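Listed next: structures, encoded as structure tokens.
In the two complexes below, chain A is the common chain; its partner is chain B in one and chain C in the other.
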Partner chain A sequence: MRSLRLPSFALAIPAWTWLVTFFVVPVGAVLYFSFGYKPGIFGTHATDVLSFDRYAEALSPTFFEVFMNTLWVGIAGTLLCLAIGLPVAYWMAVKAPAHRRGLLIALVMVPYWTNFLVRTIGWQIILAPEGWMSQLLQTVGITDGPLAILYTRTAVLIGVVYNYLPLMILPLFVAFDRVGPALREASKDLGANRVGTFIRVTFPLARPGIIVGLLLVYIPLMGDYITATVLGGAQGNMVGQLVASQFQAAQNWALGSAMAVLLILVIMVSAAAIGFLLWLVSLPFRVRNRVVLEATA
Partner chain B sequence: MTTATEARTVSDPDQRDAAAGSVELQQVTKRYGDAVAVDGLSLSIQPGEFISLLGPSGCGKTTTLRMIAGFEQPDEGDILISGRSVLGAPPYRRDVNTVFQAYALFPHMTVAENVAYGLQQRRTPKAEVRERVAEALDLVQMRRFADRKPTQLSGGQQQRVALARALVNRPSVLLLDEPLGALDRQLREEMQLELKLLQSRLGITFVFVTHDQGEALSMSDRIAIMRDGRIEQLADADTIYARPTSAYVAAFVGQQNFFRGTAAEGGSAVESEHGLVRGIRSARLAPLADGTPVQAAVRPEFVRIEADAAGGAPTTGANRVQGTLLGVSHLGETMQYLVRLGDDQSLIARRPTPEAPDLAVGAAVSCTWSDTSVQVFPSDDAAAAGGYVAPPTH
Partner chain C sequence: MTTTAPEATLTDAAPGVAEATAPRTPPAPVARRARRSPVDIGLTVWSVLVFLFLFAPIIVILVYSFNNGRLLIAWNEFGFEPYRALWEKPAVRDAVAVSLRTGAIAAVLATLLGTLAGIALARKPGKWALWFIGLLLLVSVTPEIVDAVALLPWLVFLGQDAGLSIFNDGTVRLVVGHSLFSTAVVTYIVRARLVGLDAQLEEASADLYARPLTTFRRVTLPLAMPAVLAGLLLSFTLSLDNTVVAAFVQVSGSTPWPVYVLSALRGGLRPEIAAVSTVMLLLTLAALALVAVVLKRAGDSATQIARTMSGG
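On to the complex of A and B.
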């Protein structure tokens, strides 16, 4: 008897269906709307005349400034997450006692189980000019006046780093853990100290995980608008807020779509550029350590 | 040639030359919580010696090696390499290199880059790195694989690269942690021979950790048999094989038939329920009072076997037992016979294949061996319980 065999791509059908319905089609629609216009006070979009006009509108100086602000928060936030997350992940994977790992991972995850909005609003309380942090800093004498961070870009930066840090720590932890102790021991046995071992063995082998962590933080961070709305105020605007306000408040889907498409492009181009830059920076190191023997006689 | 290796050793050249390559463990103890991994171990390894630490898993041999390498620090005692204490020194400041059990090759580097790693850490000039890497790869016949990644190599090839990666640094002492364990049998035997040749050619001290007695016997100048964190016996292969100082060593190296009973004739013989098994007193033992529980050991290769000639009287000075043949197995160079003597006593005899008698399973057989092939040990050894002890499988 011949058993019924589905082609192997059948395994991917559920995912495909989902992605096409809820991702490809909407993104296609957004792309299409972005070439249209807002027909009148009561219409949200019209596509009978297509043009690049909405893109020109989106890149007006006011909007452009918000784009640059978003890029700044995105890059600074991602690098801060890396700078804070890398030592923690390394310590968890390498130095911490093995039987404590489950606990440590849970501790990293616990804030993540709390509602995103709630823990962001929590920062409002901490950063408020009359909040305990402000009072503490004044009492100790670190600042003269009340804390003037809330509703600035700095507050947004603090918020996004806090919100996205677990997304950096977890892939880095997995990456460092996978390198394993044997290769580090081999490196030290061959004369490399701790720093040398990290630079030439641990880091290169953990690089895929580091790239995953950077992308996991950078991409959602660039599109974030909750953190910016709650902590950013007028100074800390991000593109996500603009897109949301065009769709919801201004009812201008065409302009909102153009901004959304631009944001996607900025994320892709900047991620590629950063990747290329990192590759370029590492090139001299790779070349220096390359060993090519003359062909055997 | 001036190398970093020389720069790292003591300044006084005379003292250095005399002691270079020696390893001295003085009353070394290592504990993990309540468990004692190494227990007051002392061992003196000569420069250029090939020494094996042999024992079952958990006997402390790997911990000992890791303390010499610097991955673990002893809780008590001192470790001297080339005459200088290395207590507290990290692995990268010791003039030793390790060949790891699972090779631990860097997967993101080519074979040549793996081998160059140690030299690069010492800021060796590029031209010299290339030269010495090529030399080291030639030594293990891996030059033509220089540009491959370790994952593209077989186990035996990875093993050679790991060896080259350690040897290229010209360490005074090379530590090998069960390096042949992952290889199949034929390759392992080839590598044993190559390792031994390499060691005598280079004159480097080799400290070889293994649980495989065959490996230890075939390569080592001396073997340290370890048990529960101590050295049970330290001697060359011949002595270990012929004159084990305890039933544990006797059982661990090679195969043994054990007869349990009580001492007779002042400890030189054992009274067992299978008749008087005569023996010689073990060299190390104090005379045993008659009636002391003891065990006699005889190796299968010393036991002759023949069809039971009814009424044949035992030859003077020899041991003779009768039993039923349970099975015959062909081991290649030898034939092995399993003989049942009593309810819980069996005996293994082994004869070279060309002169092995043709016996049917179930036949009545008689086994004989000379008293000079018998060792008598005090009966305090759990490892030697039972009629015979099967050798560690390999």
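On to the complex of A and C.
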């Protein structure tokens, strides 16, 4: 009332301007390019004639196969992360001694904060046919010849599960930690056994965390470019690589843009579909008298 | 209550099997007193195995950074040759210098933008906040590769067609590319911190006739400070690690170290790649330890720190 009144969002204007200039506008431009075409060998894109042709091109059998491949790796990788990460998060939040929790969280954080490319190269060393793992397996007699995993879809799957596992463990840990021991004890005092307590109390209350974890893993995994490049080899079996190669090697920005737009659409539609499926699956787990946890600040 | 223990031994198989099946069937909770039930042991064994899995490639990189061979993958003999090469090869040193420089600038920029936006979101929420949070979410969920391929043509356009030659500069391009995600992260952290604190102090300050700017500088900013510092350090490490966007927007002559590693991938990796990775990992960990200390001193619990450090 004393001085001139700024609008309530005044302080957000610099960040808003920055993000619009270097995120919204460029991504919008990609959408626009995707309706264009590649004019001759030396041009990267032209937009004087607009059409959906690039989308048809992007969905041709060769590229479609890569899309399906990406979807397979995305879904299998996310589910594996859940299967591997859920017991760990539960153990960290419920079983591990409380004073060690900070250390355990730090142990999950260290791999998460190690450079993505570097950890993936670590797997390249481990999985290499001439590497120590391969020799060890041959010496022990588990495999006959050298390890033949590197540059296959299996290697990419191992890589993505490894790379995104911390993003699954952390939200699950937070979710289990929030439930707290009081409700579990109450459930037991009221006569529920351990399985009953997990299914009727702990799991339903941790559900939001599970959904967050699934999304946190699935979305970046689908757009992954590094893991597939390092472990999947040159043949390129994820969409991220295809997009990159259109922009770099092929210099076809129109087609690359169409692929990028399709990638975002596939991620959005499949994430929504997975969310719907989860909701259906979890219906039987609904507690009739819901316990609502107070929001954690 | 101890009667539950034998039941558990009946329903659950031996520890080894329990560990193998643990990932598929969600493990059951265990009685407080029956601390060493098979389910407990299975969960513990499984967790230890997963932690080993999480550290396997990092340990491999650490060990192979002492590989005195010509190729990274083929172990030759123990030695410090890679670290010496790191020091002697200007290309690697330059790449690290570029990363540190752009990381610092991008971190300061993202912290500035994010802190202001976070304060606005926490203290002046309104209809605009929904739109803004929507934009931040969009920035954080968009795959990096899409950011990268979108930013490249845009920077080329700004630098060449629009005549803003500043966007032809390697440092500027990397700072722009690194700052986007970091701005969103800092905004989340600062907002979360201030939402958790009552606005009464600021109201009291206003009641005592402090001007808005004084209140901001003497009350709001100190309250937000732990989050601001954490955001600054997180932005710095995010920037140091940025590979995908950097690979697209970089211009030759200012290549950050992850991009140097990425381009070395095609020509066969040499052991100094592991050495530079080890050095950068130690740097990142030092920055993160600082974040944890800052947050801990500000009174955050382990869980809250975990949430902050996984990006809000």
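One rule holds in what follows: the second predicted complex is superposed on the first by the 264 of 297 C-alpha atoms of A that agree within 3 Å, B and C clash if a C-alpha of one lies under 4 Å from a C-alpha of the other, contacts with A are read in each partner's own complex, and residues count from 1 in each chain.
The rule is short, and it goes like this: a residue touches a chain if its C-beta (ideal position, glycine included) is under 8 Å from a C-beta of that chain, and two chains touch if they have at least 3 such contacts.
What you see is a predicted model, and the numbers here were worked out from it, not measured in a lab.
Of the two partner chains, neither chain B nor chain C is touched by A:64. Once the two complexes are laid over each other on the shared chain, residue contacts for A:25 go to chain C alone; chain B is not touched.
Of the two partner chains placed by the overlay, chain B and chain C both lie in contact with A:185.
Legend: residue contacts after superposition of the two complexes on their common chain; A:279 is shown touching neither chain B nor chain C. Judged by the touch definition given at the top, the superposed model places A:205 against chain B, while chain C stays out of reach. Comparing chain B with chain C, more residues of chain A are touched by C.
By the touch criterion defined above, A:52 reaches neither chain B nor chain C.
When the shared chain is aligned, chain C comes close enough to touch A:33, but chain B does not. In the superposition on chain A, A:193 contacts both chain B and chain C. Shared contact residues of chain A, touching chain B in one structure and chain C in the other: 185, 188, 193, 296.
Considering their complex, residues 1, 4, 7-8, 11, 22-24, 26-32, 39-40, 43-44, 46-47, 50-51, 53-58, 60-61, 64, 72-75, 112-114, 116-117, 119-121, 124, 126, 128-129, 132, 135-136, 138-139, 141-154, 157, 176, 179-180, 183-184, 187, 195-196, 211-212, 237, 240-241, 243-244, 248, 258, 261-262, 265, 269, 273-274, 277, 280-281, 284-285, 288, 292, 302-303, 305-307, 309-310 of chain C touch chain A. Listed in rising order, the residues of chain A touching chain C in the complex are 2-3, 8-12, 14-16, 18-20, 22-27, 29-30, 33, 44-45, 83-88, 90-92, 94-96, 101-102, 105-126, 128, 130-132, 162, 165-167, 170-171, 173-174, 177-178, 184-185, 188, 193-195, 197-198, 202-203, 219-220, 222-226, 229-230, 240, 243-244, 247-248, 253, 256-257, 260, 263-264, 267, 296-297. For chain B in complex with chain A, the residues that touch the partner chain are 69-71, 90-92, 96-98, 100, 102, 104-108, 110, 112-113, 115-118, 120-122, 129-130, 133-134, 137, 143-144, 146-147, 165-166, 169.
In the complex of the two chains, the chain A residues touching chain B come out as 182-183, 185-193, 196, 200-201, 204-205, 289-294, 296.
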